[in-house]
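Multiple structures are listed underneath, in structure tokens.
In what comes next, subunit A is part of two complexes: it sits with subunit B in the first one and with subunit C in the second one.
So, the complex of A and B:
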């Protein structure tokens, strides 16, 4: 390849990725060469500025057409832009949480690494959103996973954190191996790693029942490997331990950014490859229609298992791990009931989930850090100690539970309508979703009773650091705004991204 | 079903190799036992360590730094493995490969700086 072809690519469309990469490299060098006495906390602000600049450059790219670089190894289509926006906002909030994170024993010389590993993880997630090639998708997935493994074990002297990192590495390694095995089938049968070409080859081969059988195996393995990443039951066993042991900002990162990235890669692979492929010899139904029962099962089990097990938890982070498993189930309902509004429903739910979950984790981090314990009883009397914080946390919990007036309700309603609008409607999944939501009221409102009706153990006022305060205010504004006027987000989505027409082109 | 069968038949050769792998040591050791003279001696039962008298337990803790050195070695070994074919085919690959290689080397250089500043390269 000569220089002219190289320069003919529109590298400007990779600007958000380049910015994050440059800031991560800069931070790692700064962290190495700054004197020991220097307080690494200020590096978080550089990371935040980097992410914000990346957001601005992404917004500048919103109007541009879909762009493909180097034979689709990087493609910026409306799908990529829409989800990259969510990832960047989530990461910015996580960096703010990380800035004010102060574990009991301190982070000492690892504080610098703490910040730039978030950026490399974010970079991996961003690569996953805009890639049309199995190899770059996989590299993105690994970049995100490996950064998260290290982040989970950031509190080196803390046994819980070590356990989390170890379990995460082993489970993540197994899931990656399964995904990769499925991908190897896809590559071996179609002879290409480019998703578009692969989809063409698959449609041509699908008339043969034996190819169909092997593609079914590949679909199954990729789906299972990726459901580890989503933490959907029955592949969720790592999530509670990892969420509980990791530093709180990392837990927030895993439950928001990492989960979003998991859904993005799932949509990207499954929809591009299996949507157009015929599902049986008669060629009447598409592959996804004949096999969506697997996704439905994952969704149903996740909702039930997540919500029921969460009832018994006394540890707040563990409870939120199970609640995040249930939320992964809700989103899987939208994917399994594939229809015209699936993208909108998933995107909106992920946005709402980002806001309410990050807001909740900001409060959780503040309370658990100040009381050095993660028991739900630590929230007792939060209303007396800090009424504003308690009110904010209550809004996030109401939104997670899906009470009208909050973004979580609209997100759930979208998914619910989406499940009923398809033909045939997914009535079983819809009813499981409602049952799960009702069960979730018990444990969500359990926290509320603690906050508002139990006496406080101490009357000490809570000092809110700037970073956490900013996240709470931002998440609160978003949760209420998108709950009262959801069209602000949906119109933004439709005006800028249409109906994701360029996804398959 | 032809394709599936021929696909599964490919595993036949794996099975043959598996059988060979299991049989070979069994047959070799069995033949050796048949052929060799049987004269047990005390010295024959000691562990062979390149002619040195074995001393203390063989299961000891190695310094963890060996491991990190091995990792560093592997990284830069792989780097050379990539650099050689690139250097040989440089004329054909052109400027694009040069830029790619520069990015690759710079990333590894940052890694080396990291290892150096974190005192990985110092023994103790």
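So, the complex of A and C:
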């Protein structure tokens, strides 16, 4: 390969990634050379501008056809574009939260690193959305993971943060090893790392029962390894401790950006490889259809475990960790049902989840920072101290609980219809989903009672920093808009991305 | 299954690799554990040679047996450490673990016992260093460059987490 062939690729389609990479490099250099007394907080605005420019360049690429660079090690198809948009919006909000983050013991020395590690993690997630090659997918996954391990341990003087980072590294390492073991089976049997070629080789080999069995083993290992990333039960043990101990913006990052990236890589690998592969000797059903029961089990256990254990939590961040486990379960329902609208349902739910969860974390960060504790009782009387903030938080909680009129309701409805419309319908999963939602009302409304009906410990008014205010307003607008008029988002999805036809091509 | 020289070498190397791994878990002194780890690394390098991947074998010895073990030893020497490991888990947990490992082992063995992968003529073993270089700098350039970002992030992270806070010292000086 000479330089001309290399330059003949359409590198312009990697512009969002290049922009994020350049901004991360710029920030690390600035952090290195700026005088020590300089307040690194302003670096957040550079990071934010970088992300916004990346969003603009991505929107500029929306019309282009799917592009493949260097044998699919990078491919920009409608799937990649749609989910990259979610990741970028989420990361922009997280950077705003990080700008206003002020922990008790201070974050003076590491504020610069804080911002550009978010960006490298985002870069890893973005690469995962648009790659058709196992090696690139894995490197992207590791880039995201390693950046998050460090971010979780950023509060060095806080024992909880140290514990979180340690637990996250060990659990993440185990999950990576399992995923990689599964991937090595896939590569060893098919002889290629390119997902498209691999899918062809697998369909050809699947007539041999022995190969089918081994591909099944690989399927389980990849699924289990990635379930750690999604924090779906029973592989969720790390999530509560890590969410509780990490700095709040990092918790928001893990629960939104990292989770979205986990679903993206799961969809990429599982759907590309196992959707077309015949599942048994008769070759009537595809592998995914015969084995979707295992994904259904993961979904069911996640919904039940997440919601039930959340009932007992007194720590708000821990409660949201369990609630995020339950939400991962809801999205897994959509994947296991695998109807015609799976992509739409997953995309819309992730968008709604991003808005409501980031909005909620913005308020949580403000309250926990000002009261130096994470107990739910700190929310008592929030309505008297700051009525607008309480109203916003109430909307986010209603949306998380899935009350009509909010984006969370539409997202859940999509998944629910998706589960019932398939043939045979997933009635058990749908009823577990309803039961889980009802259980979740108890703890979500517990926070509401604290906010509106309990007397406040202090009557001091809460001052809302600009960054947090912006996130709350943006998330509030999105939650209500997509709740009242969900077609705005779905039309955007259909007009720009079709029905993800180029996913497998 | 004929007992060729390659087969004997494979059996010996894999035995050493597995025993090294088991000893790593069961030994109590940290330095002994590192030695056990070195045995595993070196025998894995031997397995690479058997597969005619000499470059990979050299890298395995240089990076794993050399650099990583030495860094571990430095880490052990330079830090205060409790030389022996802590209490171990209960009997039931151990039994469950063994059952799980045995179950997985049986499941994989059932899969590969009679496996017949058609052998293809390849040229992968000729000039494999050159071939790895060509693949790395042409087809797999994007993951290769991403790995450099990954290493940078890991490096920065290690510095942040390990750096001694000098805030207080500066305060005293000024």
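The rule is simple: the second predicted complex is superposed on the first by the 505 of 505 C-alpha atoms of A that agree within 3 Å, B and C clash if a C-alpha of one lies under 4 Å from a C-alpha of the other, contacts with A are read in each partner's own complex, and residues count from 1 in each chain.
Throughout what follows, a residue touches a chain if its C-beta (ideal position, glycine included) is under 8 Å from a C-beta of that chain, and two chains touch if they have at least 3 such contacts.
All values reported here derive from a predicted model rather than from experimental measurement.
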item: Partner chain(s) touched by A:123 [first = subunit B, second = subunit C, both, neither]; value: second
item: First, second, both or neither for A:463, with subunit B first and subunit C second; value: neither
item: Which partner reaches more residues of subunit A (counting touched residues only), subunit B or subunit C; value: C
item: Touched partner set for A:210, first subunit B, second subunit C, both or neither; value: both
item: Touching partner for A:314 - first (subunit B), second (subunit C), both, neither; value: neither
item: A:71 touches, of subunit B and subunit C: first, second, both or neither?; value: second
item: Contacts of A:150 with subunit B and subunit C, given as first, second, both or neither; value: second
item: Touching partner for A:136 - first (subunit B), second (subunit C), both, neither; value: second
item: Subunit B versus subunit C as contact partner of A:494, first or second or both or neither; value: neither
item: Which of subunit B and subunit C A:28 touches, first, second, both or neither; value: both
item: Overlapping contact positions on subunit A, where the subunit C interface meets the subunit B interface; value: 1, 6, 28, 210-211, 213-214
item: Subunit C partner contacts - residues on subunit A that touch it in the complex; value: 1, 6, 21, 24, 28, 69-71, 73-74, 108-110, 113, 116-117, 120-121, 123-124, 127, 131, 133, 135-136, 139-140, 142-143, 146-147, 149-150, 153-154, 156-157, 165, 189, 210-211, 213-214, 217
item: Parts of subunit C lying in touch with subunit A, wherever the complex brings them together; value: 107-108, 110-112, 114-117, 138-143, 146-147, 149-150, 152-154, 156-157, 160-161, 165, 167
item: Subunit A - residues contacting subunit B, complex; value: 1-3, 5-6, 25, 28-29, 32-33, 208, 210-211, 213-214
item: Of subunit B, residues touching subunit A in the complex; value: 1-4, 7, 93-97, 99, 110, 113-114, 117-118
